[in-house]
C-alpha cells in the first residue's frame, strides 16, 4: 500500500457480518483549503458506521483524508462529498459523518450528514 | 460583501439538497443592550438547522449578529426575532436557536426556540 | 419595583405566544433554613418552562428566591411549593424545577418536580 | 433518632403526593467488606425514586448505609438487597439504585437495579 | 483459581434472577498485538450486560483479558470474538461490548457490538 | 456547644506543636448582605494556617461563619476582619484567607489576606 | 453614581492599609473595536492589585470598561493604557492586568502588564 | 504476608540509593471513625517521599491504612501520627503526607505535614 | 499585506517600551511534513515574549506559520529555527516557543526553546 | 531500523547544541510484568531532557519501551534503570523520568527520578 495522498479507499471483508455492530473513527487531523481565500481550514471528523460486507481499511482512510490537504473545499460540500465516497466504498448499513471545523470569524461550524436510518439500538 | 454591521443575510445554494443534513454554528460573541438600563448584555448563540434550498453565508451571519451591538433587546424577544429572520432568509426544513445569556442579578438565562419539527434521526 | 425580599412574582406579556419555546433560568444562590436545626441550607435551582401568555420577570424572581433566606423549608416540600407558586404566577404550558442541595451528612440530594407534560421536541 | 449504624429506615409523609416528582440522593461514602478476602470495598451509590405515600428520612438513610461497614457483601447481591430494603420501606412509584464500585484488579464495576417502570417524563 | 492468562471464564449464580438489572465492567488495561506489524495495541473495554442465570466472575474475566497479551488481533474481529466468548459463558439477557482503541496513525477507533435487544428501561 | 450563629471561636490544643504543619479549610457556604443594597452576597472562603499552640474547632468555625448571614459587609473589609478574628483566636504561626465572591455586575472579585510570612517549604 | 459608560474611576478608602493584601477582579465582558477593520474585539481581563490608600469602586470599574465598547483599540496598547489609568486612580503598591483576547485568524493572544514588583509572598 | 489490618509496615532495600528520587503513593480509600460521634470519616491521603536506605512495601502500606478503619482519629492528630509511623519505618531523606478529608458540616479540611526539608529540585 | 504563505514577518512599534510586559500567542493550527515519510505533522505552538522596540504583527505571523505547510521539518530543528526567525524579526527582551506535536507512534512530543533569561516577575 | 522490541536506543545529532532547550516525550503505553505475581503492570512515562550533543530517535525509543513488555520489573527499580539507559545513550545536560503506574490494591504510585540539576529557567 502506498504512503502518499490518495483518493483510493481500500476495504476488507467484514469479519462478523451476522451482527449489526458499529465502528467509529475519530480523525482529528483533517485539513483543506478555503476555496475563497486559499487559506488553510482545519476540522476534526468523526465517522460512524455499521458495516455490511466490507470495512474501511484504516491506513487507506488516513491517506484519503490527506488527499484534501491542498484542495479547496467548502464546509457543507466537503462533508457530504466525503460521506458519498465512503458510502460508495463500503456500502454500509448505516453511516454518519460529523465535521467539526475550527473557528473562523468568531464562528464555530459543525456539519453532520448521515446515510441510511440510524438504528435505534446503537448510540 | 461589506464589513460593517448589516441586517442583510446572504445565502448560497445548498450543495446537497437530496440529503437531510445538519449545520450547526456556535456564535460566542453576541452582544446587545438591555432595553431597561441601556447596559451591555452578552450571550452565546447556537444555531442548528437542516437546509432546504439555501444555506446561510457565514460572513453575512457574522455581520448580522454584529448589527445588534448597539440595539436594545429583551432576552425572550430577541431570540425569537433572530430565529424569525433566519427562517425568512433560508426557509430551512428545521431550525433551532439557543441563546445562553451571561449572568445578571445572580440568574443565568437560556432561551431555546425552534422552527419545524426536530427530525428524530438527528441529535 | 422594590429591592427587598418579596413573594410577589411579576410577569410580562409573552412576546412570541405563537411558538412553543423554552426559557431556562439557573439560580445558584438559593438559601433557606433547615426546619429541624435552624441551620442554613443551600441549593442551586434550575427552572425550565414554556410560556403561554406570560413570562416571569427576572428581578422579581430574584427577590422571590431571596424571600426564603430566613424561612425553614424541607427539601421535598419547598421544591414543590416553589413550583406551585411559579405555575400560579404564569400558567405555563410546561414547567420543571430542579433543586440541587448542598451535601448534608455526606448525602447529596436533588429534587425534580414538573408541571404538565414535557414536550418531546424540546430538550 | 440514634446516631449509630442501623438497618431501620425511617420515613416521613410525602408532602406532595398529587405529583410524580423525583428525589435523587448521591451517597459517595458507602463501604463494606469483600466476602472472599475480608478486605474493604468502597462504592458511590446513587438512589433515585418517585415517592408515593412516604419519603426516606435522610439521617436514617445515612445510618442504614453505615450498617454495611463491617459486613461482607458481593457487588451484585448487595445492590439488589439495598434496593429491596428501600422499596420495602417506602413503596415508591419507581426506584433505581446505581452502585459504582472502586477499581479492583484493574476492573471498575457498576451495578444498576430498578423497581417499577422508569417514567418517560423524568430524566 | 489460577493467576495466569486463561481463556476459561468462570461464572457464579445470579443472586437476583427475578430482576432485569445491569452489570457494567470497565477494563482499561486490555492489550494485544497488531497482526500486521506485531506491535502492541492498547484498548479500554467496557462490558455491559443483564444477567440471566449466571454472572461473570471478575478474577477470571481479568485473566481472560490477559490471555490476549501476546496474541495478534484485528480491532473489529477481536471485539466481536470477545463478545461471542462472553455470551457463550453466561447466556445473558442482553450484552454490549465497547472497545476503545488507542490512536494509531492519527486515527482513534472505537468498536461497539451487542447481543440481544437493549432494554428500553436501562441506560 | 450551641448550634446557633456565634462570634465565639473555640479552639483545641495543637496535637503536634513540634512540627510546622498546615491545616486548610474550604468553606463554600459563606453568605452576608451588601451594605449598600441590603441584598445577599455569597462567597467561598479558603482558610490556610500553620497552628502554634491551638487549632480552630471546626463546628465553632461553622457557627462563626453563619453569624455573618444577616450582617452587612464589604468584600475587602470583611475578609480582613475575619482574618483578624481568626488570628486573635489561635495566634497561628502563619495564616491566609482567600474570599472568592460570586459575580456581581459582571465582575468576579477575590480577596486574599495573610498574617505572617508564608513558609517556603509549604505549598 | 451614573449608569452610563464613563472614564471616571471612583475609589474608596482602603479599609485595612496596615496589611499587604490582594484584590483580584475578573472581567469577562470587555469588548472594543479593531482599529484596522472596525469590527468588534472581545477579551477577558483579570486585574490583580495590592491597594495602598485607596481601592477601586466596582461599579465605576464596570462603567469604565463599558466606555471602550465603541472605541478602536490595539491589543498591546489598550492593555497598557488601562493599566496606566488604574494605577493613576488608586496608586497601588502593586498591580497586574491580564488581557486574554478571543481568537482572531486562528491566533489566541494574551497580554500581561504589571506595575511595581510582584510581592513574593502573594500568589 | 498477611491480608488483614496491621500496623506493621514492611520495607525493602532502596534499589537506587545513589540518587535522590521521589516516590508518591495516592491512597483514596482511607477511612476511620470520628472520636466525638463514632461516625465514619473518609479521606484521600497522598504520601510523597525520597527514600534513603529503604522503601515502603505497598501491600503492607495498604494493610496499615486498613488498620484505622475502626479506630477513632482526629484529622490533625492522625495525619501527624501516620507521618511519624512512616518516618520511623523507612527513615526517608524527605517525606510529606497530605490528608484530604471529605466534607463535614459544609467544611472541607486538608492537613499537610512534612518531615525534613523539601528538596528544591523536586516538584 | 498579502494573504498567501510568506516567510516575511512584519512588525510594528512597541506602544509601551518603558514597561516589561508580556505578549503570548497560541497558534493551534501549525502543520508541516515529516522529512522522513512526507506525511503531515501537526502541532500547537505557543509563543511568549517581552517586546523591546518592536512587536510581531499578527497577520504576518499567521502567514509565516502557513509557509511551513508543505515543507519537511524535524520537531527539534523546526522549533529552534522558528524561534531564531522570530528573534531576528523583533529582537525581544525575552522569548519562548513551545511546540506541542500530535501523537506519532504512541509518543507525544513537546519541544520548548527560549531566547534570553526568563524574567522572575512574569509568570 | 527494525520494528521489534529492542534495548538499542538510536540517537541523532542535536540540531541546535548552542541553546539549552527542552524535549519532552509522553509515553502512555508502557507495560511490563510484576516480578512477584507475573501479572501485567501498566504505566504512563514522561521523559523530559535537555540534549547536549545527541537527541533520542523516537522510533527506537518506542521499541525500547516495547522491550519491557514481557519482563518483570519493580516500580522503583525500573524507573531508575530506564533513566540510566537513557542517560547512557545521549549524555543529556539534564533528564527527568516520571513513571505514573496504574492503581494496584487501591494505591496509585508515581516515581520521579532525575539526572543532573533542573535548570531554573525551564518549567
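Order of writing sets the chain letters: A, B, C, D, E, F, G, H, I and J. Residues in each chain are counted from 1.
Following the convention adopted for this analysis, contacts are C-beta pairs under 8 Å (C-beta built on N, C-alpha and C of every residue); 3 or more make two chains touch, one makes a residue touch a chain.
Because the structure is a prediction, the values reported are computed rather than measured.
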Next on the checklist: Once the contact rule is applied, which chains count as partners of both chain C and chain J?
Outcome noted: D, H
Checklist entry - Of the pairs given as G-I, C-H or B-G, which one copies I-J, with over half of its contacts the same by residue number? => result G-I
Item to check | chain C-chain F separation of Cα centroids, rounded to whole Å | outcome: 31
Item to check | Intercentroid distance (Cα basis), chain G paired with chain D, Å | outcome: 51
Item to check | Separation of mean Cα positions, chain D and chain B [Å, integer] | outcome: 45
Checklist outcome for this item: Contacts with two or more other chains occur in chain J at residues 28-29, 102, 106
Next on the checklist: Can you give me every chain pair that touches, using the contact definition above?
Outcome noted: A-B, A-E, A-G, A-I, B-C, B-F, B-G, C-D, C-F, C-H, D-E, D-H, D-J, E-I, E-J, F-G, F-H, G-I, H-J, I-J
Next on the checklist: Which stretch or stretches of chain C touch chain D in the complex?
Outcome noted: 74-77, 79-80, 104-115, 117-118
Checklist entry - Okay, in this complex, where on chain G does chain F touch? => result 14-16, 19-29, 51, 55, 58-59, 61-62, 121-123
Checklist entry - Mind pulling up the chain F residues that touch chain C in the complex? => result 3-4, 28-29, 31, 37-40, 42, 66, 69-70, 102
Item to check | chain F residues touching chain B - in the complex, by the definition given at the top | outcome: 102-103, 106
